[in-house]
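Heads up, there are several structures right after this.
The following pair of complexes shares a single chain, subunit A, combined with subunit B in the former and subunit C in the latter.
Coming up: the complex of A and B.
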């Protein structure tokens, strides 16, 4: 779950990280003018979007007076960046910069520990710095069992050759960032650039925070305080009503999973799953030239009513002509229950299962009972001797004959 | 032979009185797994399918040797259950619970490393060595597990529990049995990655080849490719990479928690390239896995 820059900065500021002067969000040009008046000096105005490339797109503007700030804000509010409208405009004081640094904390999945990264070449793409100037990058892992200690931060900063008062001043950014990372279940906490001003003081000019979806439940209070709604997925795009309904179907019934839906524009509804099986099957449908209407996982032995409601949802979507019900060889999902659920859903939608279900390929537990039901309704099904790829191919072939 | 578990491995189940764990106990016993006890705090003295229930792991460990523990408790209690098993001296923890925050997983792994223990998972279905033992829910009912998994020379590692069964079933149908199948888990941080399990397969004289199932997200494949090159592995490896469609949709989350693509090195295209560079064959379809394995044997 990605945070907007202003949310990231609010979180950092609570833990003593110094931000540029002002640093408030304006939602109207008049608000921007008021913030700029308070700052009483040159300002920078930044579009609050969850997208990179703001500077290039014209989402970052500079102003010398409050009137200029007002005009700049009006421009940015109208500007769409990579399909995103801004949530507001962050207005901050601007002071002369002496040097830019990079500071980030993220997970190292191989070492299975958090890693802090620091560079005295900040403000640019850190991966590029890592390739071209490896000696300018310091890295330091830290323990998840031992409380974070300031000396780790100092070792990191010193490893790039920084000493004197700068060493201690930068430590006051690194140590809190590492602690915030650990405390809030973050997957990324980044200050880029961290800046030394000409007067020798340091400020966090831009910040970026990502929270793990699994950790969001534990930090509801913080999210509420930052104004982040419980329904915000912060994925690459907001959820559609169809996807929200899928989620609802899943939540009202605790038995199994059914309803993790992502919507597409195609005509073949997919009830596939789960986890790895769904990725494999979606690929297979695409490879056969199929046109999926959705990606929908089922798993963990969902109830008949859950599968039924999900089937109805998928069939209710305009343009969906058939559904394919496919899984890998299952261990704990009962084949007969899934078969009952989809058939019930098709019938309750006023349609014919034999015609609407393109293929049913779920081999495994209780498959005998499942196959008996499918046969009764004339639904085409197959056992484990037919591969997932082949089953997907049969479904796509049937769509062609529609 | 097998890795991680044998028919002699003594197994306990933490959270044994839970609905899924009760099923897992039945399935494990039917398969011949040596399940010697279970733990549910406050339920000590009961039995689950004849398996005695205790309040703590320590109580069992004081009486008898415990080689492995399956952890099937809700996410909020998982870290503590794993710590409990490690502190009681258990060396293999199979964590089936999903949705554990990454930080807590890292804590479990860090403590396990310090004590010379291994964690498989979380968010996995377990480990199965055909005709030896089944630790966790992998393969389901014993009769179903016997259909899909057969004894033989292929080591299997998979980020998806369900696809572990699918791949083993496909290998079995082609006459290729398995030495051990490990569902390693679908999260971004897991106890044992492909590269960390490779030395075990490498040391097992009966394993002759490896099949892996992989997904977008993380850098585990690059790590495996490096391991294979650096150790000049005797074992041919065949990989299947799911989720190729995700390359077109960065930032969206599908399937497992680990599949969020965070950088270029996480895409399937990049991963396939790295695997191929290390001489690892990449199957286009699941049914191609046995074909490629036979070519390399």
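Coming up: the complex of A and C.
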């Protein structure tokens, strides 16, 4: 779940991170003018969109007077950036910058720990800095199981050669950011650039926060305070009608999960899942050169009607030629019930299950009944002696023969 | 229309209000609905949701409720025999 810049900054400010002067959102040019008058100095106005490339698209403008701020705001509000209309315009004071830094906290999937990254070369892509100036990047892992100490933050900043009062001042940004990351289940907390002004003070000029989608339920209060509605998915793009319908199918029936539907442009519908199995299977399909039409997880023993409706949805998408139903070995989802649901969905779509189901690979509870059902309808299936990777390969091979 | 499961209830059981009510109560997926006045209704939309839990087989006398697996050759009926 991505936060707008102004929301990210509100979260950081609650934990003592210093922002530029003003830092308020205007929804009209008149509001921008009022904020600029309060600041009483040069301002920067930034489009609030969930997209990068704002500067290049003209979504970031500078103003020296309140009148200029009003005009700039009007321009930005009209501007669509990468298909996104702005939610508002962030108006902040602008002061002379002496140096830019990068500060980020994210998750290291290999170390299975959060990692703090700091660089004294901010304002540009950190990936570029890592390639061209690796000596200017410091990294430090930390545990979410023990309280975060300022000492860790200091070690990180000092690792790129910063000492003295700058070290102490920057630590006051690093330590809270690491704590916010752990407290709110974030996947990314970034300040880029963190700047040292000519007067020696530090401020977070831009900020970016992503929250783990599953953490949203735990932090409803915070999200409500930031004005983030429960219906906002905040993915990289707005949900498509196909995805919204998938969500609806999941929500109207509490039994099991048949959701997390993401739409792609391919021709092979995927009903996949089981303890990390969905990602593994999706990757396997791609590895075999397959072209997924969607990503859809099932699990937790969904009802026959839920699986049926989901299958109908997937088959209703133009360009979908077949569906592959694949899971890891399951104990908490009944094979026969999923088989019934998928076959019913295909038949109710006016299609032949033997033709439309590329492969059915769900080994587990009630597989005897499940396999009997599949056999009766002429559907190709396999048991656990066929690996997930191989099953995905069979599905892709079948698509090639279409 | 149900494709996988068929539920058969003997008329004398279906017309008994108490038994009809009991069938409605025991079924975890709402295959049965009892109407006031005693008649039992089989909810066609839910029949394929049957989890073969066999709770309904315990209602009434042996053989009065049968669950038929339509996908098995020869029917594969589940019923209480004693």
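Note that the second predicted complex is superposed on the first by the 258 of 402 C-alpha atoms of A that agree within 3 Å, B and C clash if a C-alpha of one lies under 4 Å from a C-alpha of the other, contacts with A are read in each partner's own complex, and residues count from 1 in each chain.
Keep this in mind: a residue touches a chain if its C-beta (ideal position, glycine included) is under 8 Å from a C-beta of that chain, and two chains touch if they have at least 3 such contacts.
All values reported here derive from a predicted model rather than from experimental measurement.
Engineer: Pick one for A:140: touches subunit B only (first), subunit C only (second), both, or neither.
Structural biologist: A:140 contacts neither subunit B nor subunit C.
Engineer: For A:365, select first, second, both or neither according to whether it touches subunit B, subunit C, the two together, or no partner.
Structural biologist: First partner only.
Engineer: Who does A:376 touch here: subunit B (first), subunit C (second), both, or neither?
Structural biologist: second
Engineer: Thinking of the overlay built on chain A, is A:327 touched by subunit B (first), by subunit C (second), by both, or by neither?
Structural biologist: In the superposed model, A:327 contacts subunit B only, not subunit C.
Engineer: Taking the superposition on A as described, I'd like to know which of subunit B and subunit C A:154 touches: first, second, both or neither.
Structural biologist: Neither partner.
Engineer: So in the superposed three-chain picture, is A:295 touching just subunit B, just subunit C, both, or none of them (first/second/both/neither)?
Structural biologist: first
Engineer: Contacts for A:87 in the overlay, against subunit B (first) and subunit C (second): which applies, first, second, both or neither?
Structural biologist: After superposition on chain A, A:87 lies in contact with neither partner.
Engineer: Between subunit B and subunit C, which makes contact with more of the residues in subunit A?
Structural biologist: B
Engineer: Given the touch rule stated above, what does A:347 touch, subunit B (first), subunit C (second), both, or neither?
Structural biologist: Once the two structures are laid over each other on A, A:347 reaches subunit C alone.
Engineer: Considering only the contact definition stated at the top, list the common interface residues of subunit A for subunit B and subunit C.
Structural biologist: Touching subunit B and subunit C on subunit A: no residues.
Engineer: Under the definition above, what is the set of subunit C residues touching subunit A in their complex?
Structural biologist: Counting only subunit C, the residues touching subunit A are 3-4, 29, 45, 48-49, 51-52, 69, 71-72.
Engineer: Using the touch rule from the top, collect the residues of subunit A that touch subunit C in their complex.
Structural biologist: 303-305, 334, 337, 340, 343-344, 347, 369, 372-373, 376
Engineer: Would you mind writing out the residues of subunit B in touch with subunit A in their complex?
Structural biologist: Residues 20, 23, 99-103, 105-107, 109-111, 125, 137-141, 144-145, 148, 158-163, 165-166, 169-170, 173, 186, 188-189, 193, 213, 215, 218-220, 223, 240, 242-246, 249-257, 259, 262-263, 285-287 of subunit B touch subunit A in their complex.
Engineer: Contact residues on subunit A for subunit B in the complex?
Structural biologist: 107, 109-110, 112-114, 127, 143-145, 182, 185, 187, 212-215, 218, 235-237, 262, 273-280, 282-284, 286, 295, 297, 299, 327-332, 363-365, 384-385, 387-390
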